[in-house]
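Okay, so chain A shows up in both of these, paired with chain B first and chain C after.
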Partner chain A sequence: MSSFKKLDDAFGGRSERAKLALMAGPGVGWLLTLILAPAAFLVMVSFAEINSSYDVVWSFSVSNYRELFIGESGLFQTPFVDSFILSLRISAVTTFLTVVLAYPVAYLLTRLSGRRFKILLFAVLVPFFTIFIVRIYSWLSLFGSQGLINNALVAMPFISEPVGAFEYGELAVIISLTHAFFPYMLLTLYSSLEGIDYGVIEASRDLGATRLEIAKDVVVPLSAQGLITGCVFVFVPALGTFITPQFLARGKFLMIAEVLTGRINELYAINYGAAGSLFLIIPTIIAFAIVMRTTSLEAMG
Partner chain B sequence: MSDSEKYSRLSRLVGRPGLTETVSVDRIVSAFASYGIWALTIGIVVFLWLPLSQIVALSFTENSVLFPLGGVTLQNYVSLFTNESLLAAARQSAFVATVSAGVATLLGVPLGFAIARHSFRGKSLLRGLVIVPLLMPGVIMGISLLILFRVVGLSSGFFTTVLAHSVYGLPFIVLPVVARLAVFNRNLEEGARDLGADGRAVLQDVTLPIISPAIAAGFVFAWLRSFEDFIRVFFVGGTMDALTKEMYGMVVYSQGTEAMDPMATIIVLVISLALAVAINFRDILEYV
Partner chain C sequence: MVHRRQFIKAAGATGVTGMAGLSGCMGGGGSTTVSILTWTGYDAVNDQVEEALDGVELEISIADGSANMFSTVNAGGGEQYDIVIPNNEYVPRFIDADLAAPVDMDIMTNFDALYPTFQSAAEGQFSDGEDVYGMPVQFGWYAYGYDSSKLPEDHEHSYDVLFSEEYEGVDLTGAITLYDGYYKSIMATGLALGYTDAFEGDTVSFTEEQLTTIEETLIDFKPNLLGFVHDEETLTQDYQNGNIVASFANRSTHVGIMNDVDSVEFSQPKEEELTWFEGAVVTAGSSNKEAAFQVLNEYISPETGAALSENRNIMNTSQDAMDNIEAEALQIEPGVLDGMIPFKPAEKDDQWIEMFERIKNA
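Our next item is the complex of A and B:
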């Protein structure tokens, strides 16, 4: 026993390292081969061409990028650019709406305890855990010219025909995305608001700050970290969403993920898809940098 | 300047509750805000539940729209439980989710330990890499893995889907484990060791029982994320069946959505029950 122990000590440094390699190795390998390597391939393929038997022909050409940005009627007159701008707008509005809606609820959650806390938590979390495709589907029969909203409106006096805003389209996509991503914002805001010492708020109240001043000068700055993380976790997935516009725009317009998916699925243009994907990777990298700067891993559990 | 003016200016600066109207205005705002916050919250809860409760109602009615109201029926449930392909797809998705979350757990728990307890070169890079699957849009993950599998020559199907979903689920395991270990009182391990437990016994009887709720929560999240994923399985799943693919087909190609509503209802009910139990037993916010 003691000799083993000695042996173990003698090789302490190495066995420690071997142990670490054994612990971290497989997981790291997984991340390298299934996240980093494919991302690197994506960049390479975006400069490559596809031959008629759908094999990748490694080369270096910018023709895929040219196809993204230069259309028949001129620079930036392409479906890709249109979709990209539209997707950015939809995600930005969605993110803004989730912030506005989630702040008060998150604040209220920090002020509640016991039964009331549990009930409110339950009420906001059930939609969160209901699978994504069901959440989006649940808006399907509310919108549309024969949807519940328009039917209800037409039943009212003074409104004789379906209102365009409640047809399938941008509003439907934004509302359902807000509905789907609201809990991400709520939970990140809640966890950073919960960290605020309530004494600070009481102190500023004692010193005569109004509610608005407390919100503006105390609560928001102290929860800025959660706010930023929440925005990232809403904006990025909203930007790349596919199912939502498929269900609720009904072909009225295409978001970026639909353009890329369509090209790959119908024409097997993975080179075009790869080049377009990079423009979704760039926001992801920016988001990643923001999260790494503002949040520690320990706080993200 | 009269006395009362001085007082009012002073109180605006110092804000002692006292004689001036600024205070009473603040009080009105204050009362308004606290009712307002409740009203807003209730409004938001209605907003969150409205579409889902409407689906539940639809699942029991004859019409596929709420107005005009049709009769109450269980026909939709019959058509769900006789829709063999939908049920098979649900089973397949559950199987993929279980295997993927299992693989993610086996890889993620040791990785979490390594990050939380060891210092090594490139650790900060690794900490960053771990959250990438969480941030990477599904469509990017799908396209890039499709390209990888094609270049390597792996044919799409169950295996490739498990690869994709297990790396997707990895952060859901690693993050709670790291968070839990960060607040872990290491004196407990020291104590066990002083009392004569060897490394294995310490791990088995002290460390794992304390962090196992974090692992379990991570498993549930990884499972759900795999189960609800559409876009990754769309790209790398080949011809393999998946519940989300079936549902997508039903809605987009309108192959009759009468089975959708009861399916969605069952999912909402199962989730509600599980969540109600979880909320009553544990502080689940620790894990989300």
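Our next item is the complex of A and C:
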């Protein structure tokens, strides 16, 4: 007797709708409990107040949202807005760099086969087998006025003092994030490029298209779905990153997750944190909406 | 198939086992479990405490910080933990919220061995005028550590070091770190600017003008900082790599750094150090108050107190315990406690933290 037949017998006599409810019920219950309930709590807390005893006072107040955007100096003159813009900028640059770096490697992977494919893939991915925090400490050694990069530069005859760009700061954070999220972009692009019929590229070449034209007019449009998915997979986690700036920015600027964590840890301002988190979700929802409109599940790999 | 008799036997055995376990937790069978919410490192002396106090078992939970301790205990009505050990400036908050039980001084036989500074603190900051609600257990202070191979030991110890591009002929450009926390960094800047009057009341209360000057000072000086850092590992690496000359952080952090970097020393600034101490509170909702106070008494006993300090690289509030400590880095100069400025709650927490965020993003 097949498993499906046994299942059917077990539900014997019940309607299709009842069977569906019985089968999907636990999963839906799980989702409601662990996803929707905390999300609802987040929304409720964002409108609540916290009193001096750190109790949540349930009310409907927009003061937390006002605090995010209205500062002492006026509208949008708040640390939250500054950090939000900075985080968007860092995430956007990180996403762009991963695209630029991952595209050629992904394309190369599609052109290789057998042992050479495996060696290249292994070589690209092996750094990511180490724990994230260990990689952060490696970056810590590379940057700074006495870091390996600056020491190497100062050893050159034409550079007399450490180069400011390689101190701890925004560049260090962007480079580290690009390194951290590179595999997400690479594997998504590879999955998309691998599906391209290379006969089309051959045909373009036969018709006189240059390499640049082939890349621009054939390869990129045909892998656009993978590109969009890869961008979302990099942009969203980069936006909410916490550990990397903690180490490599040295507190000289704050990304958005640091602002929210600081308020919660230092003041137990979970209402402020909840309101800020909801705004952090907005770019994520927009990004996913773009993906859902432009990409099929198959193309997402 | 399970027979009825087998089932009854198994159920009976399960019941007996369950009751035994339950009585163990509740103290009915002999041992009392004292549940403690505290910082890391306390579990290192669990065996010692349990050996000293017959029939007491410790269950340690670690919290992220004092604010987290307060919110956790407050949310649970103070019944799930017998002891909570926040920083001293948070103890008044426990008292105000009726979460702290009055200290049973008959059990606290080691109280008289506390340094007079901490006896006074318990009777002042931890008192409502009638009863004492907290017990100082361990203490430390914030000042700056420095690389003595670059900044000589005999330099004039002052917080000015942290706000100078050059100090006594030593180039400090980009070689300073401040603490990555609004409370400590703002207080240190205030002290460097000479605002000692702000530390005199029950709270640290800078005037608006003083806060503006502190903000401007930190923003102006930020390009000269390597950054805001407080964790031991990062600072150790920075000292090893020669990235920093001076760092403002906890003394215990620097004691850890000194174990790895020989040239690092800790200062004794002329403006005085900012002292913190851990104030242990037995919760009002505890059902094991007697055992809980016995545990606190053990934490400041000569032997267990010394072991606790050596494990955590933090000094004990008990003079007798400190006399038993051999580690050189934990020795303190006589009289060092006399002029210390104890941590007090900031008068305008929200304003301070927003100001610190602005400084960082400037």
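We take it that the second predicted complex is superposed on the first by the 265 of 301 C-alpha atoms of A that agree within 3 Å, B and C clash if a C-alpha of one lies under 4 Å from a C-alpha of the other, contacts with A are read in each partner's own complex, and residues count from 1 in each chain.
Heads up, the rule we're going with is that contacts are C-beta pairs under 8 Å (C-beta built on N, C-alpha and C of every residue); 3 or more make two chains touch, one makes a residue touch a chain.
Just so it is clear, the structure is predicted and the values come from calculations on it, not from any experiment.
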In the superposed arrangement, does A:249 touch chain B (first), chain C (second), both or neither? second
For the three-chain arrangement built by superposition, which of chain B and chain C touches the greater number of chain A residues? B
Could you look at A:218 and tell me whether it touches chain B, chain C, both or neither (first, second, both, neither)? neither
One more residue to check, A:171. First (chain B), second (chain C), both or neither? neither
Partner chain(s) touched by A:88 [first = chain B, second = chain C, both, neither]: neither
For A:153 in the superposed arrangement: first (chain B), second (chain C), both or neither? neither
Of the two partner chains, chain B (first) and chain C (second), which one does A:70 touch, if any: first, second, both, or neither? neither
Once the shared chain is lined up, is A:196 touching chain B (first), chain C (second), both, or neither of them? neither
Partner chain(s) touched by A:141 [first = chain B, second = chain C, both, neither]: both
Looking at A:127 after the superposition, I want to know if it touches chain B, chain C, both of them or none. Which is it: first, second, both, neither? first
Which residues form the common part of the chain A surface touched by chain B and by chain C? 137, 140-141, 146-147, 247
Residue numbers on chain B that touch chain A, as the complex places them: 11-16, 26, 29-30, 33, 36-38, 40-41, 44-45, 47-52, 54-55, 58, 64-67, 106-108, 110-111, 113-115, 118, 120, 126-133, 135-141, 143-148, 150-151, 163-164, 166-167, 170, 174-180, 182, 214, 224, 227-228, 230-231, 234-235, 244, 247-248, 251-252, 260, 263-264, 267-268, 271-272, 274-276, 279-280, 285-288
Provide the residue numbers of chain C that touch chain A in the complex, in ascending order. 64-65, 67-68, 70-71, 74-75, 93, 96-97, 174-175, 177, 180-183, 222, 225-229, 234, 237-238, 241-243, 349-350, 353-354, 357-358, 360-361
Chain A residues touching chain C - in the complex, by the definition given at the top: 52-55, 71, 78-79, 82-83, 86, 137, 140-141, 144-147, 167-168, 247, 249-254, 259, 262-263, 265-268
Considering the complex alone, what residue numbers of chain A touch chain B? 20, 22-24, 26-28, 30-31, 34-39, 41-42, 45, 56, 101, 104-105, 107-108, 118, 120-127, 129-135, 137-142, 146-148, 151-152, 155, 176, 179, 182, 187, 190-191, 206-212, 232-233, 236-237, 239-240, 242-243, 246-247, 257, 260-261, 264, 270, 273-274, 277, 280-281, 284, 287-288, 291-292, 297-301
